[in-house]
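Each of the next two complexes has chain A plus one other chain: chain B in the first, chain C in the second.
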Partner chain A sequence: MISAKPQLRGASPPITRAKQSARSQRRQRTFYLFISPWLLGFIFLSVIPMVVGFLISLTNYDGLNLNKLAFVGMRNYGTVFKDPSAQYGFSRTLIWAAINLPLWLAVSLLIALLVNVKLKGNGIFRTLLYLPAVIPPVALVWTWKILLEQNFGLVNGVLSLVRPGTAVPWLSTYAMLGLTSIALWNGLGFGMIVFLAGLQDIPQELIDAARVDGAGNFQVFFRVILPLISPIIFFQLILGLISALQQFVLPMLAATSASTKIPARSVYLYMVHVYRTLFGTGRFGQGMAMLWLLIVVIGVLTVIVFWTQRFWVYSEVRGEE
Partner chain B sequence: MSVEKRERAQLSRRDMLRASGVLAAGGLLAACAAPQATTQAPTEEAATEAATESATQAAATSEATTEAPTQAAAAEGHVVIMRNVGELTDDMVAQFQADHSTITVEALDVDLTRLIAMYAAGNPPDLVRVQAPSVPQYLARDMLYDLTPYFEASTLVKLDDLAPSNDYYKANSPLEVGSGPIYGMTKDWSPDFTIFVYKKPFEDKSLDVPSDTEPMTYDQVRELGAKLATFEGDRTVLFGFDYDAAWIDRMWSNHLLETDNHLYSDDFTQIQLTASDEARKVVQFYFDMAKDKVGASPINPSPNWVGDDFDKGLVGLLNYGYWFGAMAETDVTKGQVIMIPGPTWAGVRRDPTITATGMIMTKATKVPDAAWVLFEWFNGGQPADDRAASGWGVPALKSQYDKMPNSTDFDKQRRTVLQGELDLATAPLQFNPYHGETTVADAWQQYAEQALNGQMSFDDMLANIEQDVNTAIQDGKDAIGS
Partner chain C sequence: MEAQLQVRQPTSHRSTRRMREKILLYILMVVVVFLVCVPIIWLLITSLKKDVEYLSYPIKFLPAVPQWSNYTNVFDPRYDFLKHAGISAGLALGSSILTVISSSLAGFAFARFPEVKARDKLFAIVASMIIIPQIVTVIPQFIIFSRLHLTGTYWPWVIWGIAGSPILIFLFRQFFIRFPRELEDAAEIDGCSTFEIFWRIFLPNAKPVIATAFILNFVAVWGDWFAPLIYLNSENTTLSVVISTAYVNPQGQPLTTLTLAAVVLYILPMVVIFFFGQRYIMQGTLTSGLTGR
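Take a look at the complex of A and B:
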């Protein structure tokens, strides 16, 4: 009998503990109920494919050789490090990220600053500038191909008015430049909206106080605005870095010819080589190894960026300490 | 149950995550264990065996498991076919099912990724649309159903009525294509080295239109293409001579065979570009054409398919087979197109098909009789008659040759030229069973661009292509355990 047992000083009466336990169970059930859609999706659509991908990376799987499947250990990982095309693709990807990421951040911030000015009709500009972000990639790329095509494109057509017969190979020899234009135009809307949200969160009194103290526009920007939106820059930097290292769609859609599905060499990015390894040559084991190595690289770079935030990201919590 | 026990019996969040992980891992291990249980690790001896031997065993196994076909009327079951919807429409499928009440058909769009997924799930389609290079690859992976007994018993697709293109579906081993058991057949085909001529630029430039009776040499084609290519400043407004770059290795192979040389070593374990003078000459020919901007190239790409460019009047000479004639005349090119014989590389004319698009039955099929009924109907029944009359290719059955269109002047002209080419289309190319269909073309595309831009020498380009392809071959050999 519960009531016959001695009670410890300070312990809850049994009936209260039972009530607490029932409440705790209900809360747990509710918790699991609410997170179960995400949890199931995460397990079946992320964890399991990643684990399967890792297992495939340890085999000689080519998509159709299940009856000849063999465990090859870490050989595929070693092959990636010796593969000149993987090295080339990775170097081009780093160049792509080094050009695109700062450019996208700077232009997005600049546009956000411009549309943050309180002017009549500003909403129209914000909408127009955001529009490219909602255009499907295929439609977007085809529009740009019409503009940038070497022999019959509109851009070269306009340039030909100045210098007849201009045929700049924007999507082959100069594809890095051509695709950067497309990426920038496409990414501007998202970048601008996020920066705009950050800018509108800055208390006006801080800016006013700086101006009363004699700060000019540049000082207000560099001493007040920039530190206050540094967490936003940090957030955009992380997202942009991951996106840039995974870039695949633009080279495959914009810089390939109709006959061959290999993009121009200047934009032969790492993910393009992964795709070609997987589906062009059927080397699924090696392709999966390449993907896992990319995950590791992204993880390491993300950790490094996180580590650097203590030097340049303004934190009110740390400031209060 | 006491309160304490009840509390212990509750599943903590940590426990749930742990259990989820164990369940997921367990499922994965179970999924991975199945194929491993049936996979024998290759012995050292087995690993050193020639591919021919393993493939011969595969062929033998295939023969042993192929049962004599039952009567078509008795066939029943659910057939899954991976097809091109333009060739086997939903209406055609409905018609087939209406005519064959015991057979149901599930038609999927042809998709390599889906095929791989279906194989991985142990449930591949029964019939698959393929091109010739897939045959040795699939044979090396023991994926093909030997259809010889079905062909022998068929009244619609008789073995002695098969056009030469069907030799691509006969093989004694992955390295011996051309004769032996038959694993499929072409839906239609063309000698693929003929050239379509758009006459207007010839008139504009006062050039003689090439003869449609006397074949040119490739040097003459290049020379003529260079004269036809039209520029405005740096802009190309007319490509002189164009071809499908995705098939460039097939073209190289055919040129080399004219001089009794081969693109690959005898055992197909090496592509031979740097060590073969003749191969260097062939590649140099295409490199020089690209350099001179005779046609579309990695440094002067066209956003369109070359066929579209021709239809828009942007190409003077286009290398394509008879099938292209069905779409060569447009509002722009109407009355201005002729087909001329395939050129010769070294004086020994060859004009095989290099695609041989057709159909195979997978060895994993559980309904071979029902699948055969659909196969036979599509390749020898009404759909085959309709295809023959459409002019979109030479029929796969010789008895249907006379059904090809012959009404317009262009139909008559291209059919006359075709007659001369059919006799040159007998010997199939031997495709490499170890690498993908576009491995060579992809490598060419990458490195040619760098070499054409002066970032790499011609010799380095050859070496890089060779290295890429040979690595792919080695990996392919490893994948099939030969």
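Take a look at the complex of A and C:
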């Protein structure tokens, strides 16, 4: 294993200038050769589709009408603001994010704190706690369907032991709660290992020093640990926000009513509406406009979170060790 | 692994109070782990029930007789389980190999070519592609692929694989940038080409990142439901799409517990991969560089 330490870069061995420039040209070519698979992919799979997508959002394209394609300007964007379903979906998405993110951060952090304590068999506990994170979405939904099913699910079954006849509709009326449990369960493995990495980076001397100064467990947590892992919380918050606003797989797979084929009203998220606009009614122009607006919202919210960083994210300029 | 994961603890004598604290922590830990594992346990139990037992009210917690036949029936030729599992595995394996190669090449280039002027700007693009949501490209990509008559085929997975993944490029770059410069120089003096330096020196020393990248991509492709749903047809689709709805008997009634057995078999490879790969993931390959070090 090669030792991993930072190195000064850019100091090439002394050679004559002519040789140097031939070498640098060759290196230049090699660089572009090496990144060419990614670069070509970036151009053909990201740049061009984004341009195409934006152009589509300005048309009445419905997947079939290429011969009658009409340029409609920003009309699709205007329609989104007049579409009550889009507005409703957007408000549900904000609620979804507002419930999910804090819950996920808090539970992941608590579990990370727990498994960070030196105990025998900790490795096994960590592995078991990470297990839900490796379950793919489709299996995840099956796993929870049999827990949350209204009549035959385990949760209502156990509740019925205490209060016979309990039949909470976890996947329709209370789908916001039901799906939150699913997302939380699935996400805590990743949250845990990221927080764990942060916790293990905290120098023990700092905690010891705080204790010597008479700090109790709570003070150590709020005054030492929390500020030191705030960059991690920040990182998780950004990633979590971006993915929460795009959530649609869970409502589509877990909360779709068998009769209407529409996800339950409480989890009719924005992306669900986009999906139905695109694939249900084939209004690609409209759907692409909705997607672009979502991207703008995600961008704005991300910038806002970045801006709040200065108030709560602890930073120090760390020297290289 | 154990040694690396443990936290430095001040050496202190064990008082009874510490002992009691430890026992309480153990109990708490066992309770938490049990609660987290309940869904998996319940999935396993239910997959061994008869359909009538699953549909009984009030709830029956355990099957009268474990129905191991659910697991053998999954392989009934009617369901083509192995065919679809094979397609999932093939796509995941192929695209992971391609992605690891192209991402490591790009990561190497971004780490070891500081003299190339456009490098930092290009890398900024890579980094921003990690954060920029890809949903806006999904639909146009689909339209483009279908214009090229590539929907219904596996070519999109090959192309996605070759293009690599920004997050994996980032991981490789972070790893390769820490290699000492002398290593490269010595190899160059010995007459190694840049590709040989990459292939024979850097790549063999990047096993933790290769494993992490491979696992991340394999798990993502195996579990992906949306891309195969829109790109493939019912004949050549992946297991994810097949088991997203319940298997049905010839009368068209859903066979829930049989499907759950299929779900367990569908999860199993992920668990196996995770057990073999966890030391790399837990080692912090994924999370390195997060705190700015």
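Note that the second predicted complex is superposed on the first by the 298 of 321 C-alpha atoms of A that agree within 3 Å, B and C clash if a C-alpha of one lies under 4 Å from a C-alpha of the other, contacts with A are read in each partner's own complex, and residues count from 1 in each chain.
The definition used in the following text is that a contact is a pair of C-beta atoms (placed from the backbone, for glycine too) under 8 Å apart; a residue touches a chain by one contact, two chains touch by 3 or more.
Treat the numbers as computed from the prediction; the structure is a model and nothing was measured.
Engineer: Is A:Leu206 touching the first partner chain B, the second partner chain C, both, or neither of them?
Structural biologist: neither
Engineer: Check whether A:Gly198 is in contact with chain B, with chain C, with both or with neither, and answer first, second, both or neither.
Structural biologist: second
Engineer: Report for A:Pro169: first if it touches chain B alone, second if chain C alone, otherwise both or neither.
Structural biologist: first
Engineer: I'd like to know which partner A:Ser259 touches here: chain B for first, chain C for second, both or neither.
Structural biologist: In the superposition, A:Ser259 contacts chain B only.
Engineer: Between chain B (first) and chain C (second), which, if any, makes contact with A:Asn65: first, second, both or neither?
Structural biologist: Touch status of A:Asn65: first partner only.
Engineer: After lining up the shared chain so the two structures overlap, which partner does A:Gln25 touch, if you call chain B first and chain C second: first, second, both or neither?
Structural biologist: After superposition on chain A, A:Gln25 lies in contact with chain B alone.
Engineer: Could you look at A:Pro37 and tell me whether it touches chain B, chain C, both or neither (first, second, both, neither)?
Structural biologist: A:Pro37: touches chain C, not chain B.
Engineer: Quick one: name whichever of chain B and chain C touches more residues of chain A.
Structural biologist: C
Engineer: For A:Arg17 in the superposed arrangement: first (chain B), second (chain C), both or neither?
Structural biologist: It touches chain B, and chain C stays clear.
Engineer: Once the shared chain is lined up, is A:Ala106 touching chain B (first), chain C (second), both, or neither of them?
Structural biologist: Neither: A:Ala106 stays clear of chain B and chain C.
Engineer: Once the two structures are fitted together, what part of chain A is touched by chain B and by chain C alike?
Structural biologist: In the superposed arrangement, which is not itself an observed complex, chain A uses residues 24, 28, 31, 39, 48, 52, 63, 151-152, 156, 160, 164, 279 for both chain B and chain C.
Engineer: Per the contact definition, I'd like the list of chain B residues that touch chain A in the complex.
Structural biologist: It is residues 3, 6-7, 10-11, 13, 16, 20-21, 24-25, 27-28, 31-32, 35-36, 38-39, 41-42, 112-113, 115-116, 119-120, 137-138, 141-143, 231-237, 244-246, 296, 298-306, 308, 435-436, 438-439, 441-442, 445-446, 449-450, 453, 464, 467-468, 471-472, 475-476, 478-481 of chain B that touch chain A.
Engineer: In the complex, go through chain A and note every residue touching chain B.
Structural biologist: Residues in contact with chain B: 14, 17-18, 21, 24-25, 28, 31-32, 39, 43, 47-48, 51-52, 55, 60-70, 72, 83-85, 145, 149-152, 156, 160, 163-167, 169, 171-173, 257-262, 264-265, 268, 276, 279-283, 286.
Engineer: Under the stated contact criterion, what part of chain C meets chain A in this complex?
Structural biologist: 1-2, 5-10, 22, 25-26, 28-29, 32-33, 36-40, 42-43, 46, 54-59, 61, 102-103, 105-106, 108-110, 113-116, 119, 122, 125-126, 129, 131-137, 139-141, 143-144, 159-160, 162-164, 169, 177-181, 183, 185, 194-195, 198, 205, 219, 222-226, 230, 240-241, 243-244, 256, 259-260, 263, 266-267, 270-271, 273-275, 278, 281-282, 284, 286-288, 290-293
Engineer: Quick check on the complex: what are the chain A residues that touch chain C?
Structural biologist: 1-13, 24, 27-28, 30-31, 34-35, 37-42, 44-46, 48-50, 52-53, 56, 63, 111, 114-119, 122-123, 125-132, 134-139, 141-144, 146-147, 151-154, 156-157, 160, 164, 185, 188, 193-194, 197-201, 204, 208, 231-232, 235, 238, 242, 246, 249, 253, 271, 278-279, 284, 287-288, 291-292, 294-295, 298, 302, 318, 321
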